[in-house]
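Several structures are given next for inspection.
One chain, chain A, appears in both complexes that follow, with chain B as partner in the first and chain C in the second.
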Partner chain A sequence: MVRKITLHTLLWIVALLQLFPLIWLINYSFLKSGDFFGSSILKWPEKLEWSNYINAFTYGSVPKFLWNSAFITTAAILVAAVLSLMLSYAFTRMEWRLRGVTMAFIMLGMIVPIHATLLPNFILFNWLDLLDNPLSLILPYIAFSLPISMLIISGFLVTIPKSIEESAVMDGCSVYGVIFRIILPMTKPALATACIMNFISWWNEFIMANTFLTSEKFKTLPFSIMKFAGQYSSNYGAQFAVMTMIALPTVIIYLMFTEQMSRGITAGAVKG
Partner chain B sequence: MQRETITSAATGAAVSHKEKPLWKRFIMQWQVQVMIFPALIFILIFNYFPMYGVFMAFQDYSLFKGFFGSDWAGMKHFEAFFNSPDFFRVMRNTIVISLLKLFIGFPAPILLALMLNEVRNMVFKRVIQTISYLPHFLSWVIVSGFVISLLSVDNGSLNILLDKLGLIDKPVNFLSLPEYFWTIIVTTNVWKEVGFATIVYLAAIAGVDQSMYEAASIDGASKLKQIFLITLPSIMPVIIIFLILNIGSLLNAGFDDLLLLGNSAMLRDVADVIDTYAYRVGIINNRFSYAAAVGLFKAVISVGLLTLANFLARRAGTSLW
Partner chain C sequence: MHKLLSNRRTIFALVAPGLFLFLFMVCFPIMMSAYYGMTDWRGIGSYQFVGLDNYMKILFNDPVFWRSLMNALLLLAATLLLQHPIALLFSILVTNAGRFEKLFRTIFFIPAVISIVVTSKMWVSVFHPNYGVLNKFLTAVGLESWKQDWLGDPSIAIWCVIFVIMWQGFGYALLLYYAGLQGIPKDLYEAAELDGAGRVKLYTKVVIPLLTPMVRVAVVIAVTACLKQMETIFLMTNGGPINTTQFIGNYLYKTAFTSSLYGYGNAISVIFVIVCLIITVIMNRAFKKDVGEF
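And now, the complex of A and B:
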């Protein structure tokens, strides 16, 4: 009994430590700027100060960054989903020469660290005149999404029986008919896992965005904090409001799909 | 066999396609090629093509002359790096930060997984797991943002807390004092990744044969003994594989976290690691070739370390390849 209580207390402390900065972040995003200076760690405001969020939206061109982030992330996720679905189908359902080599080639792409590609890709985009263009983020995001998405989707695809596709082909369905009308609905759980993981990495991605985008026109949301920290450094409330807005979508999506995601990750990990 | 007939029937490719020249067959199969080639081209261009960057290390690369127009410079940039006053500092920081992350960040999730495994109440376990995974999904930009605020002088919570406990007289500016930086970086990293890293260990623990525990408890083994004699040995292969991967990436001391938290010039002495150093001199100061040489030096050592780690693991009975 004593053992159980100690264990539970320890775990509660861990959980509290993990959660505290987030509570603190949300708490501070509702404080008036004057309320920050005091001597307590958490300060529950008498009334919620929504004006921080309004300020964040009006001063820091946050709506523009929000739109850029949403557009770039969505475009990358959708293209990556379609491409990796087709790839997985070709790898798990078809037999062709060089299949093993091609698969290894794509999987090994995962090892390449992102920051090692920054400089050469910077030169490449400079040459293609794509610097400061949303494409300079969307294209590498797609490339870096493919190996892991393919791993998740094809891992799921091998568990689905082939008989449905076979009968569809008998009825005269084309390959793309099979992929998009039969495989797509059946692999929805795996596709969703891959999309969520990609969403979280690219929504939070910062280094590429900071390197390839030189003007403010296409900057994404993580950049807005840097801008706030510099330009509006005294406006703490708005700064915390922006941070909360960046964190919120990932946290909500994570909480909605925890079960599915940890299953997808362990499936890949245990097999690997 | 069956699969082949399905694909050829679906693409409309004739069975006699073997006699036609390769490119004609290729075009006839365009529907199937479209499934592979776009993805292949993406990975080729953005993951593999940048590898040509290693050759820039032997050039005096200039943006205007391009890769083929730039002059070759031999080992000049490597020598410059080895002889520069930055070399010792950058290497020391890389190794120290990485080892600290390994010694503290590696056992932490194993410990947490063992603790979580002892919890019998499933709802409680789920709640703790969900909360502890959460920080992994936050951007480093946000994490560094609130770490900076938590540690700030004016109204940082840590200063307030220490002041209330009577441990300090006046607020400490934690993020501008070099002696605190390594602690801050390692703590932040453990905080962010500990929960998420338990996923793999929990999965491994779940795979342990339950009858062993039954036998052990009949023989009178205590819970602690069961952990040391059954659970840990059973998940040892997983632990070793992750340890090898960690040792192989010893020179990856971190990137986003160091760049964002160690940004101030006062911290450069303790915060500069190989990767952030290469990034700064390369992209910000435009010394492309020098940065490429630094990166290549790191890659060569990393491959060596990975081979060494795998050799050690093979002697211990498990290996990566």
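And now, the complex of A and C:
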């Protein structure tokens, strides 16, 4: 009994340390700006200051940033899923000489730090006139999604028996038909895992967004808090409201798909 | 079927889009970096070709670069000596938490999915010398003499930053060990219990040795993650005070965009990639020899 109590106390202490930021964030997002400088760590709001959220929405162009984030992330993860599926099929089912080398080559992408591509890509996008264009984020996001997504999808593909595809081919189905009509629905769990992991990475990504987008037109959500901090530095309540809005989507997606996420991370880790 | 699966046009159509994008967005930029790294370009105007001067300067005459590498090493040491043992211990505790098992596992991972922009900003406020929660807390418990300018003091800032990075990555490490524990067959526990092994003995003699493959995986991941550290630094200290919290990713960024030494920054980029590749190859060699199995 004593052991059980100690065990649970320990677990709760660490759980609180891990959860504290979220609690603190939400708590402060409902406070009046004047309440921030008191001596207490958390403060029970006398009245929920929804006006912080309203301010964030009206002054911080948060809706625009929210839309940009949603659009760029969705485009990147969907294209990455299709390309990874095609690559995985070619690497696990098709028969060609250079497939081992090519696959290993793309896997190198897991080792290359994205930060090493920031400077040259800035010049490259400048040449191509893609700076300040959503493509300057979507393209590298897709490229850096490929290795991990391929790992997850091809790991799943090898467990699917080939007999189904064979009979489909007998019935006159092409390879593309096999991939998109038969394999795609069957690999849904792996595709979902890859998409969720990529969603979390790219929704949170900000260093490329900060580098390649120069005007406000296409800036993504994580950027908005930096802008906010500069322009409305005294409006702490609204800053916390924006931060809560940045944090919540990924937390909610994670809570909805905890199992897929955990599987994806461990699969990526063990095989990578 | 064989004929269909070895059709070159089909293979090309399947591989080309992804491979081309990968070459275009990952490999080609690195080659561009290698080229610009050999110039003294400042981002605008004309530039001169300086050969390997930049690379030589980084390797032999750039204390900030070496400081950045040392910080990665320091972070790695802290990760392996503190974060991983605690994560391993807690992964064992979590598997024994009965009906709360899933709840705890979920909670521990939450910081890892929250945007670094948010967590960094939060920790900057926590460490704030006047309004920060940390100093408020120290005052509240009567330890006023312990109060610090946490991120402004060159000897303390690096430890604060390391703490934050370890805090955010804790759930990730825990999840890896947890997955490793799930892979150990249940009857092994029962067999050990039948043999009269106590709980401590069960874990030290049976379970942890069986986790060795997962420990290796976790170490490899930790090494690359420590090297690639950048965002938290960029947002919390930008490498300061006086470069004491500098990491390579942030250093190359600052060199190119703040100091306008674009050529030099590219040379750092190239060396960064090479360091990552070499270390990964070394670790794979070292760990491949004996792969444990259950």
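Please note the rule applied: the second predicted complex is superposed on the first by the 264 of 272 C-alpha atoms of A that agree within 3 Å, B and C clash if a C-alpha of one lies under 4 Å from a C-alpha of the other, contacts with A are read in each partner's own complex, and residues count from 1 in each chain.
Assume contacts are C-beta pairs under 8 Å (C-beta built on N, C-alpha and C of every residue); 3 or more make two chains touch, one makes a residue touch a chain.
Nothing here was measured: the structure is a model prediction, and the numbers come from that model.
Engineer: Is the arrangement of chain B and chain C around the shared chain A a clash or a fit after superposition?
Structural biologist: Pair status: clash.
Engineer: I'd like to know which partner A:Asn126 touches here: chain B for first, chain C for second, both or neither.
Structural biologist: In the superposition, A:Asn126 touches chain B alone.
Engineer: Please work out whether A:Tyr53 is in contact with chain B alone, chain C alone, both, or neither, and reply first, second, both or neither.
Structural biologist: After superposition on chain A, A:Tyr53 lies in contact with neither partner.
Engineer: Please work out whether A:Glu166 is in contact with chain B alone, chain C alone, both, or neither, and reply first, second, both or neither.
Structural biologist: The answer is both, since A:Glu166 touches chain B and chain C.
Engineer: Now for A:Phe206: first (chain B), second (chain C), both, or neither, which partner does it touch?
Structural biologist: both
Engineer: Now for A:Phe65: first (chain B), second (chain C), both, or neither, which partner does it touch?
Structural biologist: In the superposition, A:Phe65 contacts neither chain B nor chain C.
Engineer: Would you mind listing the overlap between the chain B footprint and the chain C footprint on chain A?
Structural biologist: 7-8, 10-11, 14-15, 17-19, 21-22, 24-25, 36-37, 39-41, 83-84, 86-87, 89-90, 93-96, 102, 106, 109, 112-113, 115-121, 123-124, 139-140, 142-144, 146, 166, 169, 175-176, 179, 200, 203-204, 206-207, 211, 222, 225-226, 229, 243, 246-247, 250-251, 254-255, 258, 262, 265-266, 269-270.
Engineer: Using the touch definition up top, name the residues of chain A that touch chain C in the complex.
Structural biologist: For this pair, the touching residues of chain A are 7-8, 10-11, 14-15, 17-19, 21-22, 24-25, 36-37, 39-41, 83-84, 86-87, 89-90, 93-96, 102, 106, 108-109, 111-121, 123-124, 139-140, 142-144, 146, 166, 169, 175-176, 179, 200, 203-204, 206-207, 211, 222, 225-226, 229, 243, 246-247, 250-251, 253-255, 258, 261-262, 265-266, 269-270, 272.
Engineer: In the complex, go through chain C and note every residue touching chain A.
Structural biologist: 1-2, 4-8, 10-11, 14-15, 17-19, 21-22, 24-26, 28-30, 32-33, 36, 90, 93-94, 96-97, 100, 102, 104-111, 113-119, 121-122, 131, 133, 136-137, 139-140, 167, 170-172, 175-176, 179, 214, 217-218, 221, 224, 227-228, 230-231, 234, 248-249, 252-253, 256-257, 262, 265-266, 269-270, 272-273, 276-277, 280
Engineer: In their shared complex, at which residues does chain A touch chain B?
Structural biologist: So the residues of chain A in touch with chain B come to 3, 7-8, 10-12, 14-15, 17-19, 21-22, 24-25, 28, 36-41, 83-84, 86-87, 89-90, 93-96, 102, 105-106, 109, 112-113, 115-124, 126-127, 139-140, 142-144, 146-147, 150, 162, 165-166, 169, 173-176, 178-179, 200, 203-207, 211, 222, 225-226, 229, 236, 239-240, 243, 246-247, 250-251, 254-255, 258, 262, 265-266, 269-270.
Engineer: Spell out the residues on chain B that touch chain A in their complex, using ranges where they run on.
Structural biologist: Chain B residues touching chain A: 2-4, 6-7, 9-11, 31-32, 34-36, 38-40, 42-43, 45-53, 56, 63, 66-67, 112, 115-116, 118-119, 124, 127-135, 137-143, 145-150, 154-155, 157, 160-161, 163-164, 191, 195, 199-200, 203-204, 207, 223, 252, 255-256, 259-260, 275, 278-279, 282-283, 288, 291-292, 295, 299.
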